[in-house]
Structures are given as C-alpha cells and as structure tokens.
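Two complexes come next, and they have one chain in common, chain A, joined by chain B in the first and chain C in the second.
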Partner chain A sequence: MASATTAKTTAARLGLRAIAIFYVGIMLLFPVGLLFWRTFEHGIQPVWDQLTTPSAAHAFRVTVIVAFWAVLGNTIFGLVTAILLVRHEFPGKRVLNALVDLPFAVAPVVVGLSLILVYGPHTSVGSWFADHGIDVIFALPGMVIATMFVSLPFVVRELVPVLEEIGDDQEQAAWTLGASRRQTFLRVTLPSIRWALAYGVVLTLARSLGEYGAILVVSGNVIDHTQTAPLYVGAQYANFNPQGAYAVAFALAAIAIVAIIILNVLRPKERT
Partner chain B sequence: MSATDLQLTETHPPAPTGRRVRSPRLGIRAGLGLGFATMYLSIVVLIPLAALSSKAFDNGVSGFWDAVSSPEAWAALKLTVLAGLGVSVVNAVFGTLIAWVLVRDRFPGKSLMEAVIDLPFALPTIVAGLILLSLYGVQSPIGINLAFKVSGVVMALLFVTLPFVVRTVEPVLWELDQEMEEAAVSLGASRLTTFRRVVFPNLLPAIASGTALSFARAISEFGSTVLISGNLPFKTQVSAVFIYGQIESDRPEIAAAVSVVLLVLSLVVLLALDGLQRWGRRRG
Partner chain C sequence: MGIAVRNVTKRFGDFVALDDVSVEIPSGDLTALLGPSGGGKTTLLRIMAGLEQPDEGVVEINGVDATKLPPQSRNVGFVFQHYAAFKHMTVAKNVAFGLSIRKRPRAQIKSRVTELLELVHLEHFADRYPNQLSGGQRQRMALARALAVEPEVLLLDEPFGALDAQVRKELRTWLRRLHDEVHVTTAFVTHDQEEAMDVADTIVVIAKGHIEQIGTPSDLYDRPTSDFVMNFLGPVTQLAGAPVRPHDLEIVLEPGEDAVAGTVARVVKLGFEVRVDVDTADGETWVQLTRADADRLALSAGAPVGVRAVRAPTTEVPADATVEPVLDAFGG
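Let's look at the complex of A and B:
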C-alpha cells in the first residue's frame, strides 16, 4: 500500500518534470538553438563579414550611443527619485510613486507615437527645437527619449526596497559625526546600494540595447543614419538578407545572455 | 527580466510613524531633486502621454469612437484581447507547473532550465520575432508553417511572456511551508487534494499577478509579432501593428485613439493587480 502510493507519487513527479522540460525545450531552447544554428550554418567567416559591414557597424554604434545617454539619464533619475521616495516626505509622494511605474503599462509603439505628437516636426515644441537647429524626432534626441521612457522604472524599483531595508541609521550616525551630505552619500549610502544600483543599471542597459517598437517609430529607421542594431535586424530580413539579420540578431542575443549571467551574479542569494 | 520583480517589490511598508517628519518641508537639495525628478518624468513620460490622450479626442468623443469602432481597428483590438487572454491562460497553467518543478524537483540540467527561463525578458523583441519566424516560417525546419496565421502570433506571444508566471510563483513556493502539505497527506488527503486545497490557494495571488503581467505584455507586444503576423488586416493584425500602420500612413488621430484603448486596458489590469495584492496582504 505504502509503496504503491510512493510509486504513484514518483510517477506524478516524473510526469510533471517531463512536461516542464518538454515545454521549456520546445518553446525556448529549441528556438534559440535554431538561431545559433542558422547564424553559423555557413561557418564563422560569413557571420564576421555580416557583422562588420559599414551599415551593421554603424547600427551598433548608434545603439550604443542611444543606450549610453538613456542609461545615464535613468540612473540619475533613479537615484534621485528612490532617495526622495524612501527618505523624504512631501505632498504628492504617492502620485510620484505610482507614475514611475506608468511606462510598464505603455506599449512600445504607443511610446513612439506619444513622442511624435509632442516633439514631431509639425508640433509647436518640435518646430521650436527645429528653429534652434535641433531635430528631435527622426534623430538621436528622440531616440534617446524613447529609450528613457521604456526603461525608466528599472533603477528606481531596484533601489527603493534596498534603501528601505538598510534604513537611515548609518546616515544619521555619519551626519552626527560631522560628515557632510556629500560625504555621507558617497561613503555611506552609495556603498550599501551599489549592487542594487548595478542590477538596475544592467536591466536598463539590456532593455535599452534591445528596444525596437518605440525606436522604430521615432527614428525613421534610416540606414547609416538613425538605424539601430535591432532595427537593422528587421530591415535586413525584409530586404532579403537573412544572413545579415541572423548575424546581428545573434550578437544581440549574445549580449542578452551576458546580461542574464551578470544579473544572476548580482542577484542576492536568498536561497540555497 | 524584471517587470515581475518590479511589480512585486512595488509596495512600501508604511514608514515607522516615530520617524515621520511632521511638517512635509523639504530642504533645498531635496527640493531641487524633486524638481529635477518631476521635470524629467514630465518631459519623457507625462507630457507625451497627455498629448496622446488629447490627440485621441481631437475630434471629440464621437471621433474617438469612430476611430476605435472602424472594422479594421475593432478586428485588431478583438484579436489582441483574445490572443492576450488565451496566452495568459496557457501561461497560468504551464508557468505554475514549471515553477513547481523548478522548486520541488531535482534533476540534472535543472540549473540550466532555471537560467534560460529569463531569456525572453532579456532578448530584444525583434530577435524573438526573427527566431520564431525561422522556426515557424515558410522555411520551417520542422515543417510547421505558422507564418501569417493567428497561431504564429500566439506562439510569438507565448515565447515573450513565458517567464512571468514562473517568476511570480517561484518565490511563493520557496516560502511555502511544506509541513502543511505533509500534515494534509498524513491525514489521508491524496496528493491531488493536497495540491488543490492546500497549495493552490496559497499560490493563487502569485498566479494571478503573473497572469495579469503576461496579459499586459501580450496586448502591447510589437517586435516579436510584426514579422510573423504578415500584418494582414482582419486576420493576423494585432493592435500594436495596426497602430504602427496608421502612424506610417499619417493618420495619428486613429493611431492615438486605439493607443488610448490599449493603454487603458493595461492600466486597468495592472491597477486591479495592485488592488488584489493590497487586499491579499491585508488578509494574510
């Protein structure tokens, strides 16, 4: 009787395990493996050739420039906002807290459309900038703002729980002992939140490097000009150069995998 | 990768009342910080969304309604919501199952499985789209051609939303006290009854969170579906692709109207989720 129950339990466990492995295998591992196979079907040299064409190299450069400014902006915004939300009281605090999450509810294409409606060439804001020699939409500034929009909450949301957990006892102690605000921030607060900050920055960076929908709408997708690496993938596929698309997609996937590995190293080890 | 974490960590325990500053007056630095944060958020997010809403109602409520209820827009919205619901149900079932196996089972290769679950969050959506097209496209190596079909769109959405339920249920399963289950089993309950009456009620809030997040993501998705859907109006065109088409053909009012519908749908789902979590915490 007891052994029959055990056998049944074992069978159920094996069954569940099989279903889980099958589902993850067929939905995730096989498709991603296929990307690698398709990329290297004809060896390594053609992949390298595709990655180093002037247009692909330009697309990578644009991607890095846009991601850099977006990550910089969102890191400063994230630090300031998280400290305000945790360490200060002010009217409208709950509203600010709720609004920080808003970008997660907005579809990427909608982000692009919203920015065009404010900063586009036919709007008053857009033409003011144009009069001062700055194109926002179909140019880098618009692409940076779009990337900031889609990745805005990450740093704040990683920092808030950590700031809450560490409390402000040590900061108070530092002030009492005569440290300036700046010293307190650099020598007490920053060291204790550095891993959460790094985690948030990697999330922001990964999202920034991969954004497609929002960037597609605001950039105009001009090759050798405003085309980013994700846009290059879509365009090359549409232009019947699948090898070019696969090579750049592989490079982006490799960056994503490195990001996952870094995140796993940074993630606090809360379980055995 | 971390929409899940983020939604879960969104809550703040109330600050201990003793430390609360009585008069909400900020110092100069904090005041400047608040000014900067407000300005940044306005320039990047708030003013654009306000412009979107205003554009959607440029021609009044009737104009908004005409745009949303045009046959093409309506078909796209219907497909978006139905596909989102279907994908969410599949995720609820398989996500819970995968989380269970990852927490309770032990087998070679488990750590690999644990690591690859996050892939869809980290992969750029266009890369996901390319991958799915190479798998289910015209040149499918397994002979399944789902290109330009609704099932292709659904496969793409399943791919990008796979981690949500797994990642919300896993931490709850880790915390769950296994002694409760052992007690139920030793009192004669079958494994199935134990799961249904003891484990499942404890997991329900987490399953609901993950499902809601995957619905919100599915209805917004663009990059992974745009290639495989072939953008056929009335057939495979989801709302995000429809909106993009309207922007390209210079009809921003129509694009804005449908955008507002998508935005409101996501907000309602995410606010309901937030309410559910507050309610769950008060109860628990």
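Let's look at the complex of A and C:
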C-alpha cells in the first residue's frame, strides 16, 4: 500500500520533470542549438569573417553604445525607484509601482511609434531639440530612450523584493552609530543588495542588446549609421545573407548567456 | 540628567501611540519600559533615539534639548529586537562600524574592538559572519556594536524578544551584570513583567499611550496604583471583594475574626506550589501555598476553612474596583 503510493508519487515527479525538460528543450534549447549549429556549419573562419565586416562591426559598436547608456540610466533610475517604492510613502506610489511594469506589457514597436510622436522632427519637442543641435529620432538619443523604456523594469523588479526582505533595521542601526544617509547607503544598503543589483543590470544589458521593435522605428535602420546588431541580423537575413545573420545572432546570444553564467558562478550560493 | 521626555505626543494617522507622555530615565540607571504590545513603549524608545519624531513635546539627553537632532548626532546606542546585524560584515567589522565612521585610527579601533568582544564573550568569533552565530551571540554582538561608540544612553528594543526562553534568562542576567560594569544609562523595552522585575532598577509601565506607573519593581508589585498595573505585574485574586495577591493569603483551619469563612473547592498540586480554590460568601478566591504548608493543613475538597490576608491588601487600589484579567499581557 505504502510502496504503491511511493511509486505513484515517484512516477508523478518523473513525469513533471520530463514535461519541464521537454518544454524547455522544444522552446529554447532546440532552436538556439540549431542556430549555433548553423552558424558553425562551415567552421570558425567564415563566422569570424562575417562578424568583422565593416557593417557588422559598426552595428556592434552602435549596439554597445546604446546598451551602455540604457544600462547606466536604468541602473540609477532603478536604484532610486526601488528605494522610493520600498522605503518611502508618497502620494502616487501605487501608480508609480504599476507604471514600472508598463514596458513589460506594451509592445516595443508601440514604444517606438510613441517616441516619434513626442520627439519626431515635426513636433514641438523634437524641433526644440533640433534647434539646440540635438537630433533625437533617427539618431542615438532616441535609440537610447527607446532601449531605456523597454528595459526599465528589470533593476527595479530585482531590487524591490530584496530591499523588502532586508528591512530598514540595518540602515537605522547605521544611523544610530553615526553614519550619514550617504555613508549608510554606500556601506550598508548597497553591499546588501549588490547581487540583486548585478542581476538586474545583467538582465537590463541582455534586454538592451537584443531590442529590435522599438529601435527599428526610432533609428530609421540606416546601415553603417543607426543600424544596431539585431537590426543587422534582420537586414542580412532579408538580403539573402543567412550566414551573416547567423553569425551576429550567435554573438548576441553568446554575450547574454556568458554574462548570466558568469554572474551565477560568482554569486554566493546564499543570497545576501 | 539621563533622558527626559516631556509632554510627548505621537500619532500615526488616527492612532494615538503616545498621549502627552512625560518620563525621566535617571543617569546611570537601568530602566524597563514595560507594557502590552501596541501600548506605545517601542514608539517612546524610538523617539528617544530620534528614529521617530514626536508630534509634540521635548526630548532631552543629559540636559540638552535633542528633539530636533537626527539619530546620528544624539550619541545613543540602539539595539533592535532582530539584531539588525550587518550581514555582509564580519563580527569585528560590525563592532568597528561606529568607530570607522568616526575615522578613528586603525590601531585604536582594533584594540577597542578586541576589548568589546571580550566584554561580550565573542573574542573567538571576530572573523565570523552574523549568519554563523546563534541568536544570543548576534544580540551580544549588536550590544558590543552599540557600546563601541561610548553612547551617552543605551536603548534596547525587546532585546531578548526573538530568543528562546533559556537563552533569554541567561542574557538578561548577563545584561544586568554588564550594566553594573559599564554603568551606561540604559532603557529597554519589554512586554515580559518577569524580565523587567529581574533586570531593572526602575520600571515604567506604559499602556494605551499613557504612563500607568513608575517605580522600583517592588513598588509596582506591592503598591500598584491601578488595577491594570496590579494585573500586569503578577497574579491577582479577590478576598471579600478586594484584589489581593494569592501568595499573600493563608488558610487557617479554625476561622477567627480576621479570616473569611469558606469551603475548599479544589486542591491542585503544581510541583513546588499548591493552588487551593476556596468558595466564600463573596465568591471564589484562590490561595497559593507552598507544598509544606499544604501538607501540614492536609486539605481536601469540601473542608471548611478560613482565608486570611498575611499582609495588608494592596492599599492603593480602591476596594470596590473590579479586577479584570489582562488578556494581552503576554501577547507577542
């Protein structure tokens, strides 16, 4: 009787495990694996050649610049917002909390179109910037804004639960020991949330490197100018150069995967 | 000198946590703020530390008006119920925190930390992290950390509340001894009347945002000025309609003029003590006897007896006052 029950639960557990592995396999490992296999079908040299064409190299450079500013902006914004949401009471707090998740819900292409409505060359905001010598749309500033928008929630959503869990006792203890707000933040709060922050930054980076829809609309997708690596992948595939598309796609995926692996290796087992 | 709180009121929305409270913590004393949960004692302690701002009233620390001072400049040590250990720092770094904020020379910090870790018996744990310590050890570390900056006053918020009963008892005895060594003006919050009476020189009883009574442990126990204090500090029964402590009663077999006549309803042996329920004309009363006394009397249910107060009933409570049990007295 008892052994029958045990056998039943074991079977159920194995079944669940099989479903999970099958799901991840079909949805993730198989397609990505196939992409990697296709990429290296003809060896390493052709991949290297595809990655180092002037247009591909330029696309990578644009992607890195855009991702850098988006990650920097969202790290600072994410820290400030998470601390505000957890440690302070203010009118509109619930609205802010809901708004942070908006980028998860809105299609990136919609984000791109809305930015054109705000900053486009024929709008008042856009022409104000143009009068001051700054092109927003079809230029880096617009691409950075679009990328910031779509990758905004990650740092906040990683930090909020950790800040809630550690509570404010440690910060208050630091105050009574004479630490200023700044010293408390640098010596107590920041070290306590550093792994959550790092994880949020890596996710933001991964999302920023891969952004397609919003960037497509605001950048104009001009080769050797505003074309980012994901846009380059799309363009090369459409222009019957699948090897070029595979190589750059592989590089983008590899960067994100390596970043997440490094973080998981470095991070102590117990999250502090 | 010490800490003086004058006419402090604190509201959280519609809830009045403290209503025009005034109290003095004498210099060098160990004072307990005792009361049921939600009575305002932690709020009062946090106002002393500057972690909360009073809506009205004044806080003075050693004669200086500190009401507007932030916690950083009050020079108070604060110990939290859940230790508030800096989890990413070693024990030694935790204790050194206040000194390193004050930019003391490295050698001086090192010797002071060693000295404090010896004081709290954690000298072998200097390089451990807080999650490698037991609750009692963490709280001793927190105490050493608070003492490191030589605070003018030490404030402890339910310091033993998160520990199990055995460690609690050890630590409170240890705190009393530590205080006798260090002599820093200390106030601690507790909802455990036994802990307060065991450790404190003075007890301040706080309930519903008011101060019920201030006095030495024996003052409060023997001369409570309200039903609330009488109930909160120990067991209470009724004799001839007046509240009285059950261990201040005795049973006599031949009722005299000074004894109330009654019948034994029940005899319950609780290890070292014996509880005797007696039915009298004014209702039921219960008497706490030692086992030796109970054996000598050889009581059994139905026996006619007299009940007599051994010491004058606690005079300051009106004789006709109704005594209601304080249900939340030991609430968490």
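We adopt the following convention: the second predicted complex is superposed on the first by the 231 of 272 C-alpha atoms of A that agree within 3 Å, B and C clash if a C-alpha of one lies under 4 Å from a C-alpha of the other, contacts with A are read in each partner's own complex, and residues count from 1 in each chain.
The working rule: a residue touches a chain if its C-beta (ideal position, glycine included) is under 8 Å from a C-beta of that chain, and two chains touch if they have at least 3 such contacts.
Worth saying up front: this structure is predicted, and the values here are computed from it rather than measured.
A.B. asks: Could you tell me if A:136 is touching chain B, chain C, both of them or neither one (first, second, both, neither)?
C.D. replies: neither
A.B. asks: Of chain B and chain C, which one touches more residues of chain A?
C.D. replies: B
A.B. asks: Scan A:155 for contacts with chain B and chain C and give back first, second, both or neither.
C.D. replies: Neither chain B nor chain C is touched by A:155.
A.B. asks: List the residues of chain A that touch chain B in one complex and chain C in the other.
C.D. replies: Overlap of chain B and chain C footprints on chain A: empty.
A.B. asks: Within their complex, state which residues of chain C touch chain A.
C.D. replies: Residue positions touching the partner: 49-51, 70-74, 76-78, 80, 82-88, 97-98, 101-102, 131, 142, 145-146, 148-149.
A.B. asks: Can you tell me which positions in chain A touch chain C when the two form their complex?
C.D. replies: Within the complex, chain A touches chain C at residues 166-167, 169-170, 172-180, 183, 187-188, 191-192, 270, 272.
A.B. asks: State the interface residues of chain A toward chain B in the complex, per the touch definition above.
C.D. replies: Checking each residue of chain A against chain B gives 8-9, 12-13, 16-17, 19-21, 23-24, 27-32, 34-35, 38, 73, 77, 80-81, 83-86, 88-91, 96-97, 99-119, 145, 148-149, 152-154, 157-158, 160-161, 164, 181, 203, 206, 209-213, 216-217, 230-231, 233-234, 237, 245-246, 249, 252-253, 256-257, 259-260, 263-264, 271.
A.B. asks: Note which residues of chain B are touching chain A in the complex, please.
C.D. replies: 1-3, 5-7, 9-10, 12-13, 20-21, 24, 26, 29-30, 33-34, 36-38, 40-41, 43-49, 51-52, 55, 94, 97-98, 100-102, 104-105, 107, 109, 113, 115-120, 122-127, 129-135, 141, 158-159, 162, 174, 191, 216, 219-223, 226-227, 239-240, 243-244, 247, 252, 255-256, 259, 262-263, 266-267, 270
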